[in-house]
Amino acid sequence: MGQKVSIGKIAILLSALTEEELEYFRGSLNDVKYCQGRVGSMNMQKVISAVETAAKRNGLIHESFYREAHALYHAILEAIEGVTRGHPSIGEMSRTVGLRFSVVRGYPYTNVEEGEWIAVAFYGTIGAPVKGLEHETIGLGINHI
Amino acid sequence: MGQKVSIGKIAILLSALTEEELEYFRGSLNDVKYCQGRVGSMNMQKVISAVETAAKRNGLIHESFYREAHALYHAILEAIEGVTRGHPSIGEMSRTVGLRFSVVRGYPYTNVEEGEWIAVAFYGTIGAPVKGLEHETIGLGINHI
Amino acid sequence: MGQKVSIGKIAILLSALTEEELEYFRGSLNDVKYCQGRVGSMNMQKVISAVETAAKRNGLIHESFYREAHALYHAILEAIEGVTRGHPSIGEMSRTVGLRFSVVRGYPYTNVEEGEWIAVAFYGTIGAPVKGLEHETIGLGINHI
Amino acid sequence: MGQKVSIGKIAILLSALTEEELEYFRGSLNDVKYCQGRVGSMNMQKVISAVETAAKRNGLIHESFYREAHALYHAILEAIEGVTRGHPSIGEMSRTVGLRFSVVRGYPYTNVEEGEWIAVAFYGTIGAPVKGLEHETIGLGINHI
Amino acid sequence: MGQKVSIGKIAILLSALTEEELEYFRGSLNDVKYCQGRVGSMNMQKVISAVETAAKRNGLIHESFYREAHALYHAILEAIEGVTRGHPSIGEMSRTVGLRFSVVRGYPYTNVEEGEWIAVAFYGTIGAPVKGLEHETIGLGINHI
Amino acid sequence: MGQKVSIGKIAILLSALTEEELEYFRGSLNDVKYCQGRVGSMNMQKVISAVETAAKRNGLIHESFYREAHALYHAILEAIEGVTRGHPSIGEMSRTVGLRFSVVRGYPYTNVEEGEWIAVAFYGTIGAPVKGLEHETIGLGINHI
């Protein structure tokens, strides 16, 4: 009845760890489909597009099904809430981001009928548009697909 | 001018990894002060209190200075925004949480005059008040102290 | 002491029903002043302008009184909260809308001294900027005028 | 590629129309599964529970699948955003509600592979806890299931 | 066409100044109706009630008209947004407040047909429920009546 | 243990009073560092920049320390929440502002180890982009520095 695969934790590790650090967790990556990417724009629309494009290109969602695009979109929005902590209009607020992201798709629950779920994670920095004037930020969104 | 210690990443690992997985990152824990804890309440006030109490008891903040309590409080609120993704009144919304948290205090920047900063991270599950009807959630808040 | 005219319900029907379906409710339209319109922009400013322009052009508000513009503006904002369900910056979020809207002005309460109130309703679709990748959405705002 | 069944519009009509008015739309109700209910509490938790209980009792969602409960829960939250227009903590804010609600489940898209979606609608009054000091409010949430 | 009476500024001065400091502004108080009060509760509902009760008792709003209660209620909510800066559920967040408030009713515009408007202001401290662990906060809401 | 200097009240007076009215409060200005400015843009980014530039130019914050920029930035965001009362994307919402602002830095607490804090206040008008169609607004943010 519990969870067997922590797709959220995997997504966070994929976005926050270095390649070398990730080696330690390679085993758990076999249970899921995933992709990784980067985005450095202040524009929310570009952040969303970067994740959607990566997810489609890597076959994480079926491009022609709205229900999958809908699940991904809301997972992205939820992850952005974590990144911006209640101030989602990054560009408006004159902040800049340097983010690595990941999308993970898998069966988190032991009951296989619970089906597939999708996790989106961001890790990176957010701050003033000046190098160094920034601190870390993380966000995670999860949805059924 | 950049960051030398990623207190946010350390906070996330402290809250999301098992003891065994954390062994791999032991080295980076020497650069910071930290504490860990758990909270399972649906009540936001209890979530905040649990972190504040742990931080004070472990000497992460000086109990008698409001400025340190103020820094911690806002870092907790930011982390909660990630956990609840825009719906911070967990109890009102009939959700329950099972969270591990960590508080990390350190000097993230190479320029030591940037002083100390504090990171608060949560990792766990959020969902209906029924075992199994829940998914993962993560939150991170960072503030200067 | 109760309500005699449901200006909110009338506004919703005016925006969501076809001309044919509306025939059934023609009777209740005699009790109010109203106008209808369409807006298809991703830009929040254009959504607001479209409603304001229609309301002025059709005499729903007196153009020269700020108090009426103020009442309408807040009713529009409230209706937008329903349409976007907590993410009001549609454009930023890379969503597109195809909305029909209505503005209804009337005396909802049996006590005529409660004066006139205004209702703004939206009905249509919101989604990715691709035809078909969208679902329905509704919003209603009401204010005293 | 478009929508063939407007589950959102059906949900709104089910919650806002009288039995007599609904007769005119009986035909479209054959395409979906639905239930109706009422809730009059100031407590958000009770509002959510009332809808969840009605949906389970009437077989609108499969009680044992978290993915279905998850889809319903987020549709309810979205509908509540419309009802409260950005101030979701009704009780905290000393307002009271008298709401009729409906849950509709069906295949909105011509492409049957888009699968089933769920719509939750509320219609009623919100206001001060005094009879008559209230106005209409509407909310609609839609999710893939 | 401009403003002749700054009801918002008057409301702020009434809530933030000492009796002695207010002497300097006595002249401008003749142009408006106003009342003052205090509230020290962590409970949002009590904050709202305290203002509503004071406004009614002092004849700032007509108790029997919903339109006036509606105008006041939304002005209070707007002022609370300033006090809590985006985290309106004070009690949930384990903060306490010590606030003085004022309600001001008058004709702000030279054009008398713009009618009466209402301003609600809060000034005081917000912080942890420990004496001294708190800082100042201010909020102002304005509405047509 | 209490507060000896009300930096928030001083900031509000600096932004809301005329030069003549301020004379009465000259004495309390000796206890703090402060600057004043104006901003009239609909663009949130310009509002933030105007305050940041004034604060740096007048030595209210040390330009080279991120921790000071970080403290100021969050104080500005909190003040903006008061100005916009929960709708921070002014431009998107087709509103215009005419604001005077002030930044105040000082030691508010009798215990000097509580260190320096910063207050940001706005006072002015917000409304439709038409002269006269606007009302007053106020915002205050406070942070440790």
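As written, the chain order gives the labels A, B, C, D, E and F, with residue 1 at the start of each chain.
Simple rule for what comes next: a residue touches a chain if its C-beta (ideal position, glycine included) is under 8 Å from a C-beta of that chain, and two chains touch if they have at least 3 such contacts.
This one's a predicted model, so the numbers in the text were calculated from it and none came from an experiment.
A.B. asks: Is the contact between copies chain C and chain F built from the same residues on both sides or from different ones, judged by whether over half of the numbers are shared?
C.D. replies: Here the answer is different, because the shared fraction of interface numbers falls below one half.
A.B. asks: By CA centroid distance, what chain is farthest from chain C?
C.D. replies: Ranked by distance of C-alpha centres from chain C, the top chain is B.
A.B. asks: Given the two chain pairs D-E and E-F, which is bridged by the higher number of C-beta pairs in contact?
C.D. replies: Higher contact count goes to E-F.
A.B. asks: Measuring from the mean C-alpha position of chain C to the mean C-alpha position of chain D, what distance in angstrom results?
C.D. replies: So the centroids are 20 Å from each other.
A.B. asks: How far is the middle of chain B from the middle of chain D, if each middle is the mean of its Cα atoms, in Å?
C.D. replies: Taking the average C-alpha coordinate of chain B and of chain D, the gap between them is 36 Å.
A.B. asks: Taking the mean of the CA coordinates per chain, how far is chain A from chain E in Å?
C.D. replies: 43
A.B. asks: Using mean CA coordinates as chain centres, what's the gap between chain A and chain D in Å?
C.D. replies: That gives a centre separation of 30 Å.
A.B. asks: Give the residues of chain E that touch two or more other chains, as numbers and ranges in rising order.
C.D. replies: Expected reply: 66, 70, 86, 89, 91-92, 109, 117, 132, 135.
A.B. asks: Chain E touches which residues of chain B in the complex?
C.D. replies: Of all residues in chain B, those touching chain E are 43-45, 48-49, 66, 69-70, 73, 77, 88-89, 91-92.
A.B. asks: Which bits of chain F are touching chain E when the two form their complex?
C.D. replies: 1-3, 6-9, 12-13, 16, 21, 24-25, 78, 81-82, 85-86, 108-109, 117, 119, 121, 123, 125, 131-132, 135-142
A.B. asks: Which residues, counting only chain A, touch chain F once they are in their complex?
C.D. replies: So the residues of chain A touching chain F come out as 87, 89, 91-94, 127-128, 132-135.
A.B. asks: For the complex, give me every residue of chain F touching chain B.
C.D. replies: Within the complex, chain F contacts chain B at residues 65-67, 70-71, 74, 109, 113-115, 117, 143-144.
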